[in-house]
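Going in written order, the chains are labelled A, B, C and D, and every chain counts its residues from 1.
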Amino acid sequence: MSTPILDILWIIPLLPLLGAATNGLFGKKWPNKIVNTVALSATGLSFAAALEAVREFFEQGQKLVHKEFFDWIVAGSFRAGFDLQMDQLTVIMVLVVTGVGFLIHIYSTGYMSHEGGYYRFFSYLNLFMFFMLILVLAANYVLLFVGWEGVGLASYLLIGFYFLKKSASDAGKKAFIVNRIGDFGFMLGMFLLFKTFGTLDFTELFAKAAPWSHESWGVFGTFTVACLLLFTGACGKSAQLPLYVWLPDAMEGPTPVSALIHAATMVTAGVYVVARSHILFTHSETALIVVGTVGCATAFFAATIGLVQTDIKKVLAYSTVSQLGYMFLGCGVGAFSAGIFHLMTHAFFKALLFLAAGSVIHAMGGEQNMLHMGGLSKKIKVTYWTMLIATLAIAGFPPLAGFFSKDAILGEAFQREGGWHSLYVVGLLTALLTSFYMFRLIFLTFHGKQRYDEHHVHVHESPWSMLGPLVILALLSIIGGWLAAPSFWGGEDHFTAFLAPVFGAGHAEGEAALSEAAAHSLELTLAIVAVAAAALGWATAFWLYLRQPGKPAEIAKSLKPIYNTLYNKYYVDEAYGAAIVKPLLAISTNVLWKVVDVAMIDGTVNGIATGATATGHVTRRTQSGNTRSYAVWVVVGALTILIIVFWPAIRALAGGAQ
Amino acid sequence: MNPALLIFWVLAGLAVLGALSLVWQRHPIHSALSLIVVMVCLAGLYLLMGAEFVAMVQIIVYGGAIMVLFLFVIMLLNAGEEEHTDFSKLAKFAGLPLALALTASLAALAYKQDASVPTPTQAFIPGATRQISSMLFKEFVYPFELTSFLILVAIMGALVLAQREKK
Amino acid sequence: MISFLQQNAFWIITIVKIALLLFIVLTVNAYLTWFERKLVAHIQSRWGPHRVGPHGLLQPAADGLKFLFKEDPTPDGVDRFVYYLAPFLALALSLTALAVIPFGPDPIKLFGQKIDLWIANPDIGLLVLFAITALSVYGIALAGWASNSKYSLLGGLRSSAQMISYELSLTMSVVGVLLMANSFSLQKIIEAQARPGGWGVLGWNVIGLASGKFPVPQIIGFICFFTSAIAETNRAPFDLPEAESELVAGFHTEYASFKFAMFFIAEYTAMITVSCLATILFFGGWLSPFPASSFFQVTHYIPSITLIPFGLWVIYDGVKYETIFGKLILPGVGFAMFAIGAGLIALPGVNEFIQPIFWFTAKIFVFLFFYVWARGTLPRLRYDQLMNVGWKLLLPVSIANLIVTAGLLLVRGAK
Amino acid sequence: MVPTHYYLILSAILFGLGAVAFVFKRNIITIFMSIELMLNAVNLAFVAFSQAFGKVEGQVFVLFVIVVAAAEAAVGLGIIILIQRNRQSLNIEKVNLLKL
């Protein structure tokens, strides 16, 4: 069959790159219209291409597509080609990235219309799309790493988009540096893998790895180490403990950026990598446990912080962190498909949340503090409703997307033997907290009496270029979950079935023990428990923030230390500052700069220079310009040659002399 | 005493004396004359070795053309006695000893090398001139043509150098 | 005594020959000056020397005496060594040139010794001559430089430049002849011009029919050669080194008495040498212009045929000469000539032996006459003209001549 | 007959004297002459060897050397004339523009 797009898979990432290049190089002079035409057509076309590619993928029977376009690095046995591949996992990622990305592009045209550096913004955004697509389409770790770093770069650029604002540029740097730590681990992981298996191509690597024996808990074999290293990278990118600190600050960037990069796509790259290399992970008990624990811990931890934040975007940021935690929990319990599923749904509703928040901020004229909002529900209806839907989704109310994905993860967690129940409990608790702070956000923002000055800010609904995406995403958040509607819900788990060829069906050991009916009843109970938790969260929020609005303050006063701790995010940044940044600075200043750089390196360089000068001063005398001296040198040369050539004869001569 | 050897000693002695006086004389003309003496003596030695043609060419070209050219230039520039400046300390102190060392080592080597050099089987190469001509136009024809080209270039160069540029 | 003579006969004979040759040449030189002055005078419709001796025949002797007894001042600030060296160099070289000139083919037999009519006959005679010619420039150049006088210096400069320039065409113009003779030996060159069966003048290189079907004439070569030769000997019209109208007397301005005489002799000897060379190279040396067949036997009496009438005329002229001295001397001379002519008829053997020498000298005389003729008639060239003639006319022409000759010989097949 | 190495020694001595003159003399023309002297010494060695080995190649080389020497003399003397014209001196130690 003809598969035009699959044969030129590179077209999908290439289009955004072209867009980025065009805008970046020529956009400065252009009016916004042309700029966003270019950017949108780039992303739109690549979305279309992606759809076509997926169609062809299905058409040719969902067989793994692996295309080598050209050699990039070839050194000895090592080959890193510009190879792209397409399988079920890629399909989901590509669709999410291009689709959501496209929507957010549309949204941005409205949102950024009043900002300076319009062309710059879209150029960066397209650049990000390019790298993200490289990341998800890559057929080997090296190329994946290119995308990985590239999205890092793009995120850096976009976080620091308002680079005149110090906080923004600092946030950018922070994100970049923290990511480097993770990338370091990632690279080490890659090296280890190459050393062990001699290849970094996914297909070959996994084929080679599969037959290896599993490593049980506490064994630090190749797999464990490699996986942990990779996971470090994932932690960096996906803002897990202890490397999550950059994400909240990343909210300095424009809201669409937060939506696209720091909620929907980039931050999920970590999850994607873990899922992509699930074969390695499943080979190492330890790694799985670590992943699960870290994810779970992060989820709860971030949720607790989210409880008390007042900045609307910060709340969403922490909720993102905690949701990512969920995904890792899913991966940790071996439910990779569940993790990916949550990734997808989360992409929908979190993007929606951010965009809606953006719309709110837009409406409030740049105000981000929820305590200065309230009662907006009348004024900006579309935003309100879409955001409400998203909230319900993330809080996990059926039948919305969040419910299914989160339920899937928790279910998997519960059904795993061993110490996993505790994780389940924490996960449940987190779900409760999630629904609480989300509704807190809703109530503070849209209900109650308005706490802002009518005269300064006149609230207005956003243009349809922004609302359109909201609506679409809202729809997706509603129906997105049904793909994986558990069997008791009438449908059966399409999603897991779809991903089965990638992940295999091997993650449901827990289920195997139970009978069909028992399984159904268990799932039902779990679902009910989850919904109950969500409802409890809602109730608390309702009671606290709508019934008697004074209460929170009192509670805060009564639990001052805890409140402050939470409010200040457990002082993690401060701790890092004290523990790492300050010593680093000190070392850099006193050792690296003053000793190594100035004394040693500069010293060497200058020393060489002075040495050269001195030598010149000495040797210059030979270049007297006086031909007679040169003549003498010629004679010397002749003598030398004579001696060298006739050395034996000369020795004989000496012998004869004696 | 073998007359050939006698002639050799006389000519060789004259040649060395000429070379010495080339160094010794302070006026370029005298140096030139000494050099001419050396050349004529060498021509004589060539004759002694039976290289008549080379001997004559030596006199005609070296004696008759090159040295005359030197003479001409000296007279043209009206060069006086050379001034004994010693700006080059190196040449002043190291120059002479080194050059003498070179001379000595060369001579010593030549003296030691006699074993490896066969003594001449015949004093004359019969029909040397004929052989030379045939060789020049057979084996060495390309170098020969090349030298003619070289001479042409030299002539041009000399013209270009010597002519005063027209104002 | 005899034994000593026997043992070292070669050396003795050589020395005697040298002495004889020197005597002859110097005498010829002396009378060449007289001849020249007379001829030039008549060309310019003057009498020329006629006071010292009849027809000024003793003029050369008088000049010689004058040279010997004149004061010989050494100018101030001359480079003495070179100043004295120069004339010796000039004279010695020009005389040396004569050593390789063969005057006749077959040797004389005297006292049981075969005596060749040359002092040395090397295989590379021609090269030797050229070598000597090449060196002869030093005499003049050094003299010019050493005299510490502007005129002399300019003269020396001119002569050195001129000689170098004309040496090229001189040599080039001869190569054609060499190709035809396949040898540097003057004797061989002469013999190469005698076509077997005797074709006389046709065999000479100017016509070049010594062998083969068609002639390979060297007439152009000869013209180049003789012109260059005149220049080499600093004779008019190429006598710029001593151009009296510009440089007083050029390189020998500062030379007086005998040193001057040396230059003088050197110059005339060079003339003779060149004439010999021209004869040898282009005009068949001692070969008779007439074929050697019995029909032309009569030509062997040409010496007598010239000598006898001339002698008679001299007697007649002497008888009616004004001075007593003349009346006494000239008839004697005339009678001597007549006697020689008659004697040659009487002694055929001697006559036969005399033939080559006669022809040789006759030809030389012709060339010397040319020399004088040219001086008497042609104006002196300007210096740039001189250089142009040398470099832009003679040299290319002689090279062209060489190429053509080579081509023709290739077609004809050298012998 | 003269042993070959006599000639070689003579040639060595002449060459060495040429070198001596080369470093010892100040007058450019004289220095140039000393170079010619060295060339002559080499020629002598050539001819000596050609006699020793009974081969005429040596003499052919000599001819080449002579030709090259002639060309060199022509150009070199032209240069010398220029030097005199521009520097008003033939003292090689005063022709040291290289240094400036």
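Operating definition for what follows: contacts are C-beta pairs under 8 Å (C-beta built on N, C-alpha and C of every residue); 3 or more make two chains touch, one makes a residue touch a chain.
Remember, predicted model here, so these are calculated numbers, not experimental data.
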{"item": "Core chain by centroid distance, with centroids computed from Cα atoms only", "value": "D"}
{"item": "Chain pair with more C-beta contacts, B-C versus A-D", "value": "B-C"}
{"item": "Between subunit D and subunit A, distance of the C-alpha-averaged centres to the nearest whole Å", "value": "82"}
{"item": "Averaged-CA centre spacing for the pair subunit C and subunit A, given as whole angstrom", "value": "113"}
{"item": "Chain centre separation (subunit B, subunit C; CA means) in Å", "value": "32"}
{"item": "Between subunit B and subunit A, distance of the C-alpha-averaged centres to the nearest whole Å", "value": "87"}
{"item": "Contacts with two or more other chains, residues of subunit D listed in rising order", "value": "19, 22-23, 26, 93, 96"}
{"item": "Residue numbers of subunit A (touch at least two other chains)", "value": "624, 626, 628, 631-632, 635, 638"}
{"item": "Residue numbers of subunit B (touch at least two other chains)", "value": "53, 57, 65, 69, 74, 76, 87-88, 91, 95, 98-99, 102, 106, 109, 113"}
{"item": "Touching pairs - complete list by chain label", "value": "A-B, A-D, B-C, B-D"}
{"item": "Footprint of subunit C on subunit B - complex, ascending", "value": "27, 29-30, 33, 36, 43, 52-53, 56-57, 59-60, 63-65, 68-69, 71-72, 74-76, 78, 129"}
{"item": "Subunit D - residues contacting subunit A, complex", "value": "19, 22-23, 26, 31, 92-93, 95-100"}
{"item": "In the complex, subunit B residues that touch subunit D", "value": "2, 4-5, 8, 12, 15-16, 19-20, 22-23, 28, 31-32, 35, 38-39, 42, 45-46, 48-51, 53-54, 57-58, 61-62, 65-66, 69-70, 73-74, 76-77, 79, 82-88, 91, 95-96, 98-100, 102-104, 106-107, 109-111, 113-114, 117-123, 125, 128, 131-132, 135-136, 140, 143, 147, 150-151, 153-155, 157-162"}
{"item": "Residues of subunit C defined as touching subunit B within the complex", "value": "79, 81-82, 85, 122-124, 127-128, 130-131, 133-135, 137-138, 141-142, 144-145, 153, 156-157, 160-161, 163-164, 167, 171, 184"}
{"item": "Residue ranges of subunit A in contact with subunit B within the complex", "value": "624, 626, 628-629, 631-633, 635-636, 638-639, 642-643, 646, 649-650, 652-653, 656"}
